[in-house]
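Every chain is named by a letter (A, B, C and D) in the order it is written, and numbering of its residues begins at 1.
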């Protein structure tokens, strides 16, 4: 066996005031999946940028098949057959699937003319290779999130890479799709590709990887063979301390009266006849595969989308919620899964973001009560252990976990008694994950009614008092905590 | 990859294209204008009036074409109108400065330019491309917001136009210039043919080639284009160079018709160019639109105004109509898109 | 303690609401603006001894009063991520509509009608942008033309003279405690705008709408109301600024304020407002209008031609805007 | 280099224009004492003096820098058509169809055309008037007089279009009229250069074209009605010389390169060029905008403490300058506590009011009330084409008008008029 496909030697990168990477060494062999894990801020993103040519290291060496290279940009990385599947979807919504997949390396006819027919056929072939049936001529803007993710993966594959980097590829996929993706990765691996797999989902990491490298604070903590490695051991490597399982946050509670009652709501061709109720002090999860429309149900409850039929009752009173503002006034809070897109105003300060849902309360004759606003924000920062240097810090400068805490804090400040949480731990590192679960349990402990949507079934089973299962817009199952069973719930996914 | 054959018979694409065309409201609008024009005025469909119409389309169409390419990348170019005059001014001033060096005098009888016109045209085109490149470099490499960068160019170029000419007009009376401005070829004004030529080249490039398609990618999601290994900055500069070139060609057509160039000409035409591109369906947010649709937009715009002019409608009411049509056309397309989505 | 009752007491140690070394956190844009302003003042005093005289300061402030007031409105609009190209149309239509009431002899009616028309134009812009979702560039480009056309149509193109309407003329020519009224209004409205953006509950809603409209909506902020409000304010600011200019000259010109929208926009972006929304400040805008005012004053005092002044203004804008760009790059 | 070419222009100018020298020698005796002739004589006198040299270095430098000589030499100065003699008081009164204002037009007897059908009474004559600025008082009055004249003749159908200071648009309007086969076109061109080609096209299509006030670059044009600019600037200079032998002047000028600026300012400089006492303090182009003139004057008042004269190329500028001086409380801040002298052009009612009030020293009338001449001229051309009458001259000079001052004066043989003696003012009434 010759030189590794990719070698990083003593990579160092500092940003003003921060050492992002300190002496990082990493290698990848052909036909292996090498996972890269670490808490947010551990340096994974910087390392990926270095590999992708977006960031130039201060020192260190990169070798590809033994040859030193300078990756001065994404183009150079691609030329060295190193491709990256981005965490966030970086696609052109106005272009077709095929055009997106082959963007930058389209087949050319004479005089540089485009060749749409060839392009579509090539895209079809590539989609076929990973057993996906998707019309290559469709506009990406019309696709679902999951389908877009597949386009993103195909785009990386289209460059016929030797090294393929997956950055949190499953963040928005459900278990079924994750299984599919891992299957694709296994296939690629069998074809002799080297795969770098970055994920917070340690189960997947243990499942798919051959080796794992753990980063902490810009240092490599260790590189281990996966065989014989357990999740707990991996977590302690990452956080440098023992980790309590997600379940630890849960404790038995007394339920109060029904806070939120949804009676047979329907929306044409989206969901049909959905009923549920959440009592005070109860966490109710809605489980389901992507496309089960539970997000649409949550949005309708929050007034962000309309319903055609049915009734929503809050604390026993029927309400017609036509906008989020009315829902908020009725006491509902909503934590969207897409933190950056829907949860936060990134160019605004931590303090302003925390106060966003209580502006009316913070005003006297329209003037802002600054002391009170700061006091509230301070209390929340302390309570939720948000790591910030001051309330003036911009939300965009925080890590994912801390950003999520702000999204939660915003609704704690509001103090409504019904909370809808959509994927509250998406893309959040292990340490913060635990804190976030504790906070959510704390909300229920205080007597709030919590409606939880998360893509990871295990997390949901750890956190919820009850779970509803939805499939294709209908409720297909109903489980109390004592009856939780992954098999039984999964069975309802396809019912 | 090499085994793939080019197997797109043109016929198979023509029919859906025509069907699309028939569904396009702007096509119906143009048809309506012509029908109403023909019915209400005996002069509307005369050769002379149609020639006028084509000449009007040529200038505003050329400006809007350049604007369209820039808008496709999700940016804007406010400098087009100032640049269109500036490029010609530079052409003439440079040539008159060169003249004494080679012992001739090309500025006669006041400010009539009597020197060779081809170099003026070439310098104008170069100037247009160069200023476009400066705009593009400012936007792409120095990351100045395009609105600001081109607003600065607009202001500076307008100032330079006066500084360079001292406020004097230059007369441009070369036969070639006259030919461009006034002559016809096969019954069609040369200026309009020039516009059609630019249009065809741009359709071929933007909609036909892989490189041209990248304007759409950049406008759709610039990061995606960047991550796909496309040198987006170079394409942004290219878009501005195209816009600058279109402005210079528009300047040639414009001043060939007036046979002179004057510092304050074409004030405010940048906003007209934006309006036309938008009426043609180009999205300000980038990634949507095409040179072909800008042709429709400019024909609709010019034909509508021409009809009002034939009717003798006062300018104020014309302006009122432009404003309302602009808002309504975008509003209606927005609503229809919403409807088709839901 | 439940989390619901947090708002009552301050818990130590509190995190700073503002950084201790605030100046370090000033944007490079703000610093370069301040630097350019200081340099201009020093340079001005060096070349023109009367530069810092009270009279000349009045002249500079009077010259920027109208553009500054319009720029306040524009800044609010730009912070929400929109643009208002209609200000010149709004200003002229408002002044003309107000001017039609001159024969009543009631300054209150004239002023009221002027401001009301500005409000109506602003509300129309806001409704079309916020409710129908048409891009503001298009809407306001349209209303710019419509405003100008209507101003001509209702006035028949005739200039109007608010002679004898002393309260009206006072707005442009009067003094308040020795300070010209337009300058007083510039300061008062500036203070009001600062209060609105920084000390009112509308401020965070404003920045949130521009920074991330979906997040703002899902946090219960009425983004439609925010947008309509800023356009309405911009319309009223335009009407008021137009009225100040008309009153100073005692002359309402239906062809006036040509190209004003681009000058005001230039001041606004020079003041640091980003057209992408969510960023911008009234203080920046005010500084920027002072920079432009001083540059023009100095160039006029030096006898530089108006045409070169345009070039110089363009260069100044780039000189102030460029350094700020680098900073944003690094922050990314 | 540009200088050189302007010199060349000077030599070839004769073909284009009626130079002062030739017509004056053949002036009929009865016209000698008319205002028109007196002013033409003065124009020649000062022009000749200036050509031999200017002793005032400041004035000479400005004159040279902006190349006034080239413009002045091609601007026509000459006799009125048909030996017409204009006297104050002549003309007709009516209400302007556009402005709805009471108007007294001074030149309705010039190239007269009796009321009633013109030419072939059985035919309808379609005439187009295109100009800029339906929202500019001066220009509305121009349209008023044209429309009044057209209305006097039932078989004339007049279409009036505002091209809104867009030369390209004006060209398009003319092209549209060519397509619509109009019988005649009258235009007020904003700038000379761009309007030549459309006019040539119309003339080539057999349509007579008459320009008003400003010129086009067309040599084929049927007639040009113009001629008053020279007397304007000259009288501003003569008044200044008469009022004070020395002074520090600031200039508010129109667009660089515009006829109004080059001729008025140039003639003013010719008139004062050989008086050593005048100093040029500052020189602004204020784009014919009152606001701009206001700003530049306000700034100039700060830069210079010893301003004694404010020269304004137009009335708008003069009003802006006056407002700025008044606002700065500097009306009497000229050296020695004297009043700052404001010299103006354009006899708008608001300017006359300020003359009466003593705030503006003098104004040279520049009347927009010449649209009627244009209509009559174009009708005569249409008739000439059909062989019904003789064509009017190509150059139709408008009568030089005497300046207006608060008190009656006699300056170098020019009888000035007081505002009350001037019924021809244009623009809205301004209450006192």
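In the analysis below, a contact is a pair of C-beta atoms (placed from the backbone, for glycine too) under 8 Å apart; a residue touches a chain by one contact, two chains touch by 3 or more.
This is a predicted model, so every value here is computed, not measured.
Taken together, chain A and chain B share the touching chains C. Chains that touch both chain B and chain C: A, D. Each chain gets a centre from the mean of its Cα atoms; for chain A and chain D, those two points are 75 Å apart.
Computed from the mean C-alpha positions, the centre of chain A lies at a distance of 41 Å from the centre of chain C. Once the centre of each chain is set as its mean CA position, chain B and chain D turn out to be 38 Å apart. For chain B, the set of residues that touch two or more other chains comprises 162, 263, 267-268, 316. Taken residue by residue, chain D touches two or more other chains at 134, 256, whereas all remaining positions touch fewer.
In chain C, the residues touching two or more other chains are 152, 157, 305, 307. Pairs of chains in mutual contact: A-B, A-C, B-C, B-D, C-D. Contacts from chain D toward chain C in the complex involve residues 98-100, 133-137, 140, 256, 282-287, 289-292, 294-296, 298-303, 305, 319-320, 323, 327-328, 350, 427-428, 430-431. By the touch criterion stated above, chain D contacts chain B in their complex at residues 1-2, 4-6, 8-9, 12, 66-67, 70, 74, 134, 159, 161-168, 171-173, 175-176, 178-181, 191-194, 196-197, 201, 217, 255-258. By the touch criterion given at the top, residues 2-4, 6-11, 14-19, 25, 195, 198-205, 207-208, 211-212, 214-222, 278-279, 330 of chain C touch chain A in their complex. Chain B meets chain C in the complex at residues 78, 138, 142-145, 147-148, 151-156, 158-163, 263, 267-268, 271, 274-275, 278, 284-285, 316-317, 319-320, 322-324, 326-327, 330-331, 334-335, 338. Against chain C, in their complex, chain A makes its touches with residues 16, 302, 304, 324-325, 328-329, 334, 336, 341-348, 351-352, 355-357, 359-363, 366-368, 370-372, 374-383, 388-392, 410, 412-413, 415, 442, 446.
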